[in-house]
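Dropping the structures in below, format is structure tokens.
The following pair of complexes shares a single chain, chain A, combined with chain B in the former and chain C in the latter.
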Partner chain A sequence: MKYFRITVSLMMIMVLSGCWSSRELDELAVVMGIGIDKSGDHLECCTQVIVPQNVGSGEEGGAHGEKPYTNFITEGKELSTCISKVSDTTGKYVFMSHNLIAVLDEDAASDGIYKYLDYLMRDNQLRLSVCLFVTDKSPEEVFNAEAPLFEIPSINLSKISEGFPESLSGQNVTVLDFINNMMCKKKGSLVPFITLVDGKIKVCGSAVFNGDKMTGRLDEEDLKGVLWIIGDLKGGDIVLDINNNTLSLRIGRIKSKTFPVLDKNGEIYIKAEIRGDLYLVSDDANMINTIGMDAVVEKLNQSVEKEILTSLSKTKKMGVDIYGFGDMIYRKNPAVWRAIENTWENRFKEIRVDISADFSIIETGSIIGSVKK
Partner chain B sequence: MDINRRNMAFTVALFLGGAMLLTSYVTDITSWEAWVPALLAFFLSFAVVSIYLKLTKKYPEKHLPEIFVCVFGKCAGYAVSWAYVFFFLVIACFNTYSVSSFFVGYVMPETPDIVFTVIFVFICSRAVRLGIENITKISIFIFFLISLFIILNFILLLSQMKISNFLPLFDHSFYEYLQAAHTELMNPFGETVVFLMFADKIKNNDFRSALIWGIIIGGVMLMLVVIRSVAVLGVTISISAVPSYEVLRLINIKNMITRIETLYSFLLLILGFFKVSIIYCAISRLTAYLTGLKTEKSIINSVGAFLACMTAVSFTSGFDSVNWGTKYAAFFATPFVFIIPCFLLLVITVKRKGEKAK
Partner chain C sequence: MLRDYLIKKLNGVFYKRDEPQSQSPLSDEIKISGYLNTNLEIVRKITKNCSDVIIREFLMGNIRAAVIYIDGLVNTLSVDQTVIKTLMYGTDDNCEPCCIDEIINKLIVSGEIKKVNTVNDGFEGFLSGDTFLMADGIKEGLIINTKGFEKRSVDDPQTDSVIRGSREGFIENIRTNTALLRRRIKSVSLCVENIKIGRETKTAVDIIYLENVANSELISEIKRRLIKIDIDGILDSGYLQYFLDDNPKSVFSLVDSTEKPDIAAAKILEGRAAVVVDGSPFVLTAPMYFGESFQSPEDYYIHSVAATMLRVIRYLSFFVSILALPAYVALTTFHQELIPTQLLYTMAAAESGTPFASFIEALMMTVVFEILKEAGVRLPKPVGQAVSIVGALVIGETAVSAGLIGAPMVIAVSITAVTAFVTPAQANTIVLLRYILLVLSAVLGGFGITVGLLGILIHLMSLKSFGTPYLAPLAPLRISDLKDTVFLAPVRARLTRPHGLSRKNPIRQKLSD
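Coming up: the complex of A and B.
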């Protein structure tokens, strides 16, 4: 009995310590980003794998000036088979747990990304916090882009995505966000659109998705108008033109409230209220003192309202409810939604949206007046 | 008496907490409104538990098979008791498989199911050998650990929670709420019928308050987990296999506090161990009583071996067990959890009235 207990205990130590499933770092191909490139029926996957020995070993990127990452290009019918092929090339176990981003080329996005999302959600190693991007370049080019402040382009992209709430240039969209949008009532999605300029990554608006298919794009200016309503903004700069003079403001805190209203005639319209606190960053023409704080704020409110309306008219033309107005109606009043659900695409194009922007400039900086006399 | 009231209450709470892994059975049906059937089941569980409490009040300090024998006679009493052995075996096997498939799926992907199952059951058997009294003694400490972790990750996930994820309210059909509440009521709340096997080890009044407080504490813990998952995942919760684990994978505080789900998986293992050990204890006691043994110690290993074998052959995959848990488990449990205890109470009441009339 004693020997039996000792044997079983030893067996338990072996199994329960996780040794059975253990893998040494040098046996792993740690994936930081995956890129999906599709043309016709041909699926190509670019997998960015970290090279641990070259990480953090000098300015050049490695002990011997080598890159701390390698991109593997594999082909296959499914994303899962493409990624598995990395193992065939490297002989290492493909470890997806640290994957940060998924970059889709325009063709893959237009063709529908549901099957890729299914894989990204089903794989036990992957997290729902993987950030999505769409690009007009090949994912391989994106994964070889210069990342001045980061050693690995995937980390650079992930940081760009994390920084979106601090700017007015995009929205951080994770796999969870996208799937939630897809499962909502006829809600479209926005995914940051990136391109390459001088070998560096540049965010240029958003790709617009209807369901799982990309149906259009919004440029930076149009996107701003959308972000005022749906963005979780915590920063970003606004440049205001007043009488041929410019005034620069920084967003401190934005609180946007959008809700559907049923009027007396039984018609539904949307009310969007944007409140925010801003900081004055530059006012070289001393507009604050010349025309007064109230007039500046009034101009600012009008400017933002105009920006929102311009974007709204463009997105209405696209016929994709990226604001989630339909979903808001459903959440507030499911019965009303059921009555209009079948005709929502047409109704969205004509729906009335009342916008009211109400900003405050709460800080004017370290100087009173202007440097210019 | 061997077990005190406080230990028993926290044991019941942890027993209910063992169902944290299985919240997808309800979220699959009512999605973002999973909290509604969970709340409904929580309140209905008091009605179900009141039946058990009445049984123990009428037969104080007797355990379940003893009550069966007293009421139905030796022959029928034994037959019903054997049916309960089967029921306890099935729920033990189901819970063992759930823990095992979760660990093999998420934490130890290379380890074969059977190895994990055998080791898990072996550890449970060691605990059972020490007796229910000793298992209950560690309940407070484990409960403290689990609740601390739940509160902590609730706070860490606050920034990702959205109130709008709970809307619209009451948009599912009555049938869907009923189905989900039935599932939740039978598993885990109804499974507390297993504690009737230990009613003789605790003072009758203590048993009453321990069961009720255990359900309140455990129910609140489960509700918190469901609410947290809905608030973070929203409608996506309906397609998530283990929502309570999935939300923890999203915790990322400035890239410093991340990947704490491994810690959670360890706590889930403890909860699973606690739940299976209690059911295992009940099976051993019940079988020992029915086979006329003075103590269950001599059959613990045999019961464990049988449980491990049954777990290995009963489900072919995690999908299989989830499918069974969502669609059939509640219906399978209903006779044992509700109908037979009700019938038993009815017979006792009629018999007592007949005796009084005589």
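Coming up: the complex of A and C.
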């Protein structure tokens, strides 16, 4: 009888306690993206929530013409209160785990985003892999953008971000990356800057953050120069101009090494070595054969070095160490860093960077020369 | 405790063994007397209600004699020709009453013949299909083998089907079954020991093993457990399974059963013992390893790499079968963050609008499936198709389109159902484990599943089949026995028998140069 009682009580504990903290799928408002818009000291938050019924999946897809998402605009003092207000309208539990992106309005970014990052880090549902974007439009407009291939604009944005290493047009920055940059020694961050063209999302350069505040922008050309040094590049095309003929090359593999050199005379400079294998993808003027492979590679090296130097001089003027040179120096020699820490902003503007690019073209396609004579 | 209490409740006041019971008419030993009339009187009295008992009196020379047999159990031709005819025509008038040895030696043309001197033995003989002969003036009787009853022919078994391998299956006749085994193992060491179990049924049970391979402790333990049985009847080997189990309370079967002689022969060659029960085409083998549930005879007949792949699939199916549904319930109600984003909203779309919680849906669907399965097995074959149509269309399609159940749930249930059939030896256990895990997953989510799995693992580790750990050779780990687990080594590399199964003869194959 004793065992009988124990068994029955155990079963009662199991069954009567119910399904604590369980939630059915249809009780969730799954948030895919949050947009932060600041007007004055009021925070306006745009939350993109999936409407599963309208997610088209083949013939049984939802009502045609209905969007598979809705955007909720909520206001409040804090990001967290804005988001929890979504359930006032939807009646469903706001589920943040699948949030992919956070889009920041330019004004909000300029005022400092640490406040939001803190929430994004602390909330136990949110992931650190949330991608950050800055926009000059309002986040609401971004969330209403056309995303023909992805149904949901947030997913479109996160895919754009995932594709950055192969497109040479930006750098994927997650909350974790941003926080890591903030914890480095006087390092700035680059966050992709998006805008809308014809109702579609377009990436145009990067927002430059000093600490948690946005201080400027880099256009696409300048960004390219920066990415050669900091980027983790796996693809993308380079167009090379030789005597008014263009040829284009695709990045195969890039290895860039950047390190500080502490001279015996006390001078500090940075060395950046970029090595890479490229594929020739178009050469209609047959430059490879007319001026020779070595000459093309030489031109290529010069052009990339020039590109890097141009953007370097611009970023130096901005005074934001987006490359993390300061952190490299600190890691190499903490004592030296401590000595120059206070004057780093000025030193950065003047720092010498030696760049050497050394590419090789490993494939020229399956034709020997261009057909046109 | 709880078990004793339940047994007491379920069996009323008679649950104790030594309660009085009605005496069988043959409980006392009755000697065969010299007077045929007296003997036949006794037989007639006892069998007065048995219309199938035939008592035929005739003259053997000038001595009165009688044969007793059961119509239907004997080969009538054989009784007429080898017994009655030879005795009637082969004897002359001066036949002496004491000439029983002469009958055995000179007259009756039968391979199996036995002298008895009690009526009880005579009864036992003719009740199992032999002919019982008595004559006036002889204090002994003869049991002559004239068995010849209807039996099914040896054909393709329903379970353990293979593409490559023997198509023979055991049948209900014990002699045929032992012959099927003997035909595969033509060795004098192959022992076939007979025990009769069942007060009323007197069912023949044979323990078959290789004397020079199997451990003698195993055989004596099997015998000990079988002899202890005091029951009215054994109708199938399934009855014995409970008596042979080390832990009958466990949901896992600790004795393996098979319908194929080649499987049984393989197990005997490994050093296990087979128990053949008359009337059952399922032969028990013991001791059993858990891993045996994932073996198929085909594994040994095809390339070992292919066999290994199939084994992996079987193990995978086992886990999918017990885990798919609980995992689905746990994921959709507790751990939505673990579902890939795209999948999440597809699933949410399917689940939105369904009126029940995932757990209820899962429970409903599995129960419905079990009902369909049961109906499919029991229904007459022509009606069976109706069940499959109802199952596939009504339950599957319509439940989804009517918005009662989400489509992913139907997929999860189907996968669960199909994978359970990959390991038929554990099919019933799987269903039970699945329900337990399902409840745990609905109450505690992934934590519940983990707790459940750990519980199952601990239970499995505690099980022993005739002293051999159930999870051997994985726990306790024995590297040399891993050659026949998930990974199956080629025949040329399987040199030894499983550890401990054969202490006197562990080598199966000698390496040639």
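Keep this in mind: the second predicted complex is superposed on the first by the 348 of 373 C-alpha atoms of A that agree within 3 Å, B and C clash if a C-alpha of one lies under 4 Å from a C-alpha of the other, contacts with A are read in each partner's own complex, and residues count from 1 in each chain.
One rule holds for everything that comes next: contacts are C-beta pairs under 8 Å (C-beta built on N, C-alpha and C of every residue); 3 or more make two chains touch, one makes a residue touch a chain.
Quick caveat: nothing in here was measured; it's all calculated off a predicted structure.
Visitor: Quick one: is A:M12 in contact with chain B, with chain C, with both, or with neither? Answer first, second, both or neither.
Guide: The first partner, chain B, only.
Visitor: Tell me which partner touches more residues of chain A in the superposed arrangement, chain B or chain C.
Guide: The partner that reaches more residues of chain A in the superposed model: C.
Visitor: Pick one for A:R331: touches chain B only (first), chain C only (second), both, or neither.
Guide: A:R331: touches chain B, not chain C.
Visitor: Scan A:Y3 for contacts with chain B and chain C and give back first, second, both or neither.
Guide: In the superposition, A:Y3 contacts chain C only.
Visitor: Using the touch definition from the top, say if A:I50 reaches chain B (first), chain C (second), both or neither.
Guide: Second partner only, chain C.
Visitor: Mind working out whether A:S21 is in touch with chain B, chain C, both or neither, as first, second, both or neither?
Guide: Both partners, chain B and chain C.
Visitor: Where does A:C184 make contact in the superposed view: on chain B (first), on chain C (second), on both, or on neither?
Guide: first
Visitor: Overlap the chain B and chain C contact sets on chain A and report the shared residues.
Guide: Residues 15, 18, 21 of chain A touch both chain B and chain C.
Visitor: Report the residues of chain A in contact with chain C in the complex, numbered from low to high.
Guide: My answer: residues 1-4, 7, 14-15, 17-19, 21-26, 28, 30, 32, 50, 52-53, 55, 57, 62, 68, 95, 97-98, 100, 125, 155.
Visitor: For chain C, which residues are in contact with chain A within the complex?
Guide: Touch residues, chain C against chain A: 1-2, 5, 332-334, 336-337, 341-342, 344-349, 351-354, 357-359, 439-440, 442-443, 445.
Visitor: If you look only at chain A, which of its residues touch chain B in the complex?
Guide: Within the complex, chain A contacts chain B at residues 8, 11-12, 15-16, 18, 20-21, 121, 124, 127-129, 176, 179-180, 183-184, 330-334.
Visitor: Show which residues of chain B lie in contact with chain A when the two form their complex.
Guide: My answer: residues 105-111, 115-116, 119, 122-123, 164, 167-168, 171, 233-236, 238-239, 246, 249-250, 252.
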